[in-house]
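The next block holds one structure in the form of structure tokens; read it before the comments.
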Amino acid sequence: MNVVPEITRKSITDLINNLERPDSRALDEYREISLETGVISKAEGSARVKIGSSQIIVGTKSQLGSPFPDTPNVGVIMTNSELLPMAAPEFEPGPPDEKSVELARVTDRCIRESQMVDLEKLCLVEGKKVWMIFIDLHILDYDGNLMDAAVLGAVAALLNTRIPKATMVDDEIVIDYENKEPLPIREKALMCTFAKIGEQMVLDPSLAEEEILSARLSIGMTESGNICALQKGGATPLTKEEIMNAVKITEEKTKELMEYLP
Amino acid sequence: MIIIITEDTNLGAKSREDGRAFDELRPLKIEAGVLERADGSAYLEFGGNKILVAVYGPKESHIRRFQRPDRAYIRCRYNMAPFSVDDRKRPGPDRRSMEISKVTAEALQPSILLEKYPRALIDIFIEVLEAEGGTRCAGITAASVALADAGIPMKDMVVACASGKVNDQIVLDLSEVEDKEGQADLPVAIMPRSGEITLLQSDGSLNAGEFEKAVDLAVEGCQAISKVQQDALKKRYGE
Amino acid sequence: MNVVPEITRKSITDLINNLERPDSRALDEYREISLETGVISKAEGSARVKIGSSQIIVGTKSQLGSPFPDTPNVGVIMTNSELLPMAAPEFEPGPPDEKSVELARVTDRCIRESQMVDLEKLCLVEGKKVWMIFIDLHILDYDGNLMDAAVLGAVAALLNTRIPKATMVDDEIVIDYENKEPLPIREKALMCTFAKIGEQMVLDPSLAEEEILSARLSIGMTESGNICALQKGGATPLTKEEIMNAVKITEEKTKELMEYLP
Amino acid sequence: MIIIITEDTNLGAKSREDGRAFDELRPLKIEAGVLERADGSAYLEFGGNKILVAVYGPKESHIRRFQRPDRAYIRCRYNMAPFSVDDRKRPGPDRRSMEISKVTAEALQPSILLEKYPRALIDIFIEVLEAEGGTRCAGITAASVALADAGIPMKDMVVACASGKVNDQIVLDLSEVEDKEGQADLPVAIMPRSGEITLLQSDGSLNAGEFEKAVDLAVEGCQAISKVQQDALKKRYGE
Amino acid sequence: MNVVPEITRKSITDLINNLERPDSRALDEYREISLETGVISKAEGSARVKIGSSQIIVGTKSQLGSPFPDTPNVGVIMTNSELLPMAAPEFEPGPPDEKSVELARVTDRCIRESQMVDLEKLCLVEGKKVWMIFIDLHILDYDGNLMDAAVLGAVAALLNTRIPKATMVDDEIVIDYENKEPLPIREKALMCTFAKIGEQMVLDPSLAEEEILSARLSIGMTESGNICALQKGGATPLTKEEIMNAVKITEEKTKELMEYLP
Amino acid sequence: MIIIITEDTNLGAKSREDGRAFDELRPLKIEAGVLERADGSAYLEFGGNKILVAVYGPKESHIRRFQRPDRAYIRCRYNMAPFSVDDRKRPGPDRRSMEISKVTAEALQPSILLEKYPRALIDIFIEVLEAEGGTRCAGITAASVALADAGIPMKDMVVACASGKVNDQIVLDLSEVEDKEGQADLPVAIMPRSGEITLLQSDGSLNAGEFEKAVDLAVEGCQAISKVQQDALKKRYGE
């Protein structure tokens, strides 16, 4: 738990109330974003994403497994996140805490509910064998707004993923590692996160902003403008107007973000 | 397997699987002060949901993690009984309950005058005894009553309700079946006096127009439930 | 760990040495008992039991599983207990501690050793498939004497349990959820718990009594008067006379308790 | 599988599987002071049981949970070696060992003058190296010797022994086979000077008469074992 | 963590710099060693080893299991160590710490890499069923140099091990507990551990020596003089000369140690 | 499955599977100062290995276990990313990573002037992003650069490299395939100024002569890598 000095809190808040930000960005402007894919050869898909100095490596791995009993004909996506102790002085080694779990689950919902991956195509034998795609978020450097970076990185890694071709030959599953195929991808989705500070909502909060935010709003949106995931955080309420305004900005900004995808 | 037969002739406002109108809540019952040991408690039945909440505190904590120099710390634990769902749930926290515990604490926190009790700990224990869709909202609603029953000073009494999209229609308060088979689920908590939103999640697909409609509908549901909360406290403490 | 003021300890002890109790009960008298069954629709059997203000919900669930290798032809009962942090200010969240484990194991022994459930009838395929019955004790409010409440609630929940009819059809197990059957119940057993305070043994200790007891004795007994489980607790010894006297009272009191069962 | 052939002609006092009389103990051997580092220790062989106990303390503890303002706290850990039983046991505590640790601490506590060492911790570590029925009683018996070897002041030396019901007969000191196939098992610990009972459990079916007989028989067994404990200490420390 | 008084540290170091030791041993001399096998009837192999007052019981158990996917035709050895809280006042109950894990893994490597057990003979059905041999190191008394004791005890226990004869009869595995066979043992290996104190390397450090050592070197060697495992420990470097000298002493001392084996 | 075709005509110095000479290192790249939050950091690529190291401290610690009265305490955590190896690795420490964390801390410790910071904690976090044989040595090499980048005062910069025996030949810097199929693997770390050895392990079979040759070869490899470490720091901080 970081205690931010009152004077810092006040000076940032005053800036933002005047529609300015510590790093001179516009309120609805992202920091510099960089995205590379295919950075880990042993992963089946991978991406390194940076938003400002926040840095995440995302790797995917496929594995044959059993479907969930209530959805016997669809593949499974499992998203896991590690807020590595390397990423910030306040992170400690140990099992995922609730911050880490929230990050993984919101990323997972954004991908799952956008129906970006056609999970039915990942079913080999109904009720028996489906592909399980593991998405591992490895948080290396924490400089604010992990949510948007995580979703951007995860989507890029999925686009980059190649899984072995699996076919049924005489009741046996043959997995052909020589022939790898991309995942069946449909409409993509990304996420925009806002922080409420003072009277304003700012897009893509930096670490300094995140430490003093009173509320957080993350909106996942598909290319066609559907909200596929949304998560409010923080200990202060938001008005409906603030939320609807953020939705409007997200419509525009997701388009911008999509251009970073491979 | 649960086979649900839906008649094609069901139309309009009454098209939901359990026959409710699109803006109709399931039957709701709240009782305050149901436990002996807890400082405050509440029991809630909402459709097939059965939720029990206990509150302890404000109290001293010896654990550094649970101390804040300028205010009380809220520890919230959402937990499902092993027998509360169709397949027995293994005891102990899982990823879902960890996330719900976090957003529940954040949903309740704005209403509580935490600065009155620096360094203190307030414990909120939510037990889902039986689950039938919408347990996180039901838990928040019951927790507010338990906080009031514990005498914790609050600005307002947070109340929660979900809306969602089922069969292309925006509806209030999804049942378990609607949650599973529906297109979107949107849990909302508000502070009813100001109408401000303290919890908002969304899971599924909604365009901006549907989203706004769903938020409005959920807020309406919250306002209706808020009255039942107040009645529960009146029943216990008198007007 | 609760520290009881010396003056409270002394005043309760003095009362009991005079054959009186803080809540005016006789030494061998239970507090008010209430018992409802079928309180949780999603459980296969359930009961809510209150002794004084101690309150437990018990739920049962059945599941097909493998028998233990050394008992291939009998079903399995698994009893689990959670001393929820809700139930008392001193209970903390976390895995079951030794108090919770003892409660579950003594309850389990009372039910198992009374042979109340005919476990052989829960075997479907010898060595392969048997019914496993999970009994979950969910402790909601702790006001003393959880043992007797746990056993009473567990027995009531078992009596209330309906499991799907399972039959063998052409080497396949068919589980018919439309036809549910009660468990094969034989002679029932219940439990009586005594606390030694001062010179006396008192039945059904309240919380105030439990906090100052020097020894505890829990006796499980069948309808026909057989001792099927017994557990001494606490840091003070008991004489054989005290124990035999408790057995005698138990013979009478189990009969009383049985009347609460459905 | 173990096949045990019992001759039908075995009758009366010699009817047990291993040929013992109903009131006959298995061969017993106790040695005090067998470890270098521990403050006190004892090794015990009882039938096929092999038990090692170490005692540390009274010592200062930094852990709040293990402190009592007015007396020493006893921490007891009963543990089975992975190779001590037929199928390898996974290392670490399980529910059975947790319960046995608890009742063992309670069985020993009445004999120890805890009030002499407020806030101190006494550690009792019981290792079952090989198990053949009756390990909890053997552990208690050995622990008393280890406590004495550590110089911990005691009123008396607790001793334990089980009785039970096998083939409709009340017998002393059940072997592993008798424990598994028998009708009841009744572990008892006493303070031999006063004859008071500090551990009593029962598992199985006994009517009141059988129960009383079993208690009496176990107490007799305890008294016999008590002498072996004393001999072990005499052997180490002289008369 | 034990803090050794500076005066003790100095007096032992001075002694050793003068080529003497606190217990009057030569620098390359073991303390008294005793080794018994077959001490635990329920284990399939067992040994009790003492070096000085350090005492370990080692037990082995066999179990049929699956081979590792990358070595489908060889059996598996699993070595586990418990630094029991009984063994030293500073050991606490709990899962194995890194000291315990290192002890188990170095012991395991010494046995595995010496190829002492012919693991191919422990394969029953390639890729499906192999024998798994569990070696459990139960540390009872800690008086320094657990490494050499652990390896000596483990090797003795393996030599003592008898596993049931397993044969394939009509595609079924038949395990014959009446006919037990020794493990297929080839060339044996043992371990010698040195401590650097002051300017010298001493063999078989006692507890008092271990508490002040600056570096530790454990060398596993086969009967024919091959180094099969080696592990440096401690926070001070060693020179190549020190290491090569230790190797030379090990060649001689392993032969001595071998004579304790049954 | 990985099928590797080796040509029979490869002879002498070029006989290794990837065509390297027996004393040839894989391509190596080190960069210092790659993370924002950490006090010091380094990124290393070595053959197919990708390693990232962060250093925090010296800092105050509230945890007793991590305090030493007369010097700083080094906590080292070697961790593999789930996607760093062929089959996904479950997150969290396992026995292998626990051992590597321990020997890594011991390998680095001799170079650090710990006595300058009594009671302080220095955290070294090593993340293996991709593994291809030799990760523990690569982690130590990168950790030294990260320590220097954090401004931690050191006597020397520890550097590590493995040698081993493959196809009856002593070779430098085993690849993943050579590690798996080879006869011995010998990771070594040294302080390059004095040539003293701070890490030494051996896994496999070597006679005394081969062992000595392998140690010598690894030390040579270390000296070569040491220059790359220095270049990385010069590149960041200038000469």
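Labels A, B, C, D, E and F are assigned to the chains in the order they are written; within every chain, residues are numbered from 1.
As a working rule, a contact is a pair of C-beta atoms (placed from the backbone, for glycine too) under 8 Å apart; a residue touches a chain by one contact, two chains touch by 3 or more.
Here the structure is a predicted model, which means the values were calculated and not measured.
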Which neighbours does chain C have in common with chain D? none
Trace the shortest chain of touching neighbours from chain C to chain F and give its length in steps. 3
Which chain maximises the distance between its CA centroid and that of chain C? F
Remotest chain, chain A as reference, centres from CA atoms: D
Quick one: report the Å distance separating chain A from chain C, using the average Cα coordinate of each chain. 48
How far is the middle of chain B from the middle of chain D, if each middle is the mean of its Cα atoms, in Å? 52
Interface hub residues of chain F, defined as touching at least two other chains: none
Where chain A touches two or more other chains simultaneously, the residues are none
Write down the ring's chain sequence, where chain E leads and chain F follows directly. E, F, A, B, C, D
Would you mind writing out the residues of chain E in touch with chain D in their complex? 40-43, 46, 53, 55, 57, 59-61, 63, 80, 82, 84-89, 93, 95, 134, 136, 138, 140-143, 177
Contact footprint of chain E on chain F as seen in their complex: 65, 68-69, 95-96, 98-99, 101-103, 106, 109-110, 180, 184, 186, 190-191, 194-208, 211-212, 215-216, 219
Which part of chain C faces chain D closely enough to touch in the complex? 1, 3, 70, 96, 98-99, 101-102, 104-105, 109, 113-115, 217, 222, 225-240, 243-244, 247-248, 251
Using the touch rule from the top, collect the residues of chain F that touch chain A in their complex. 1, 35-38, 41, 48, 50, 52-54, 56, 59, 77, 79, 81-88, 91-93, 123, 125, 127, 129-132
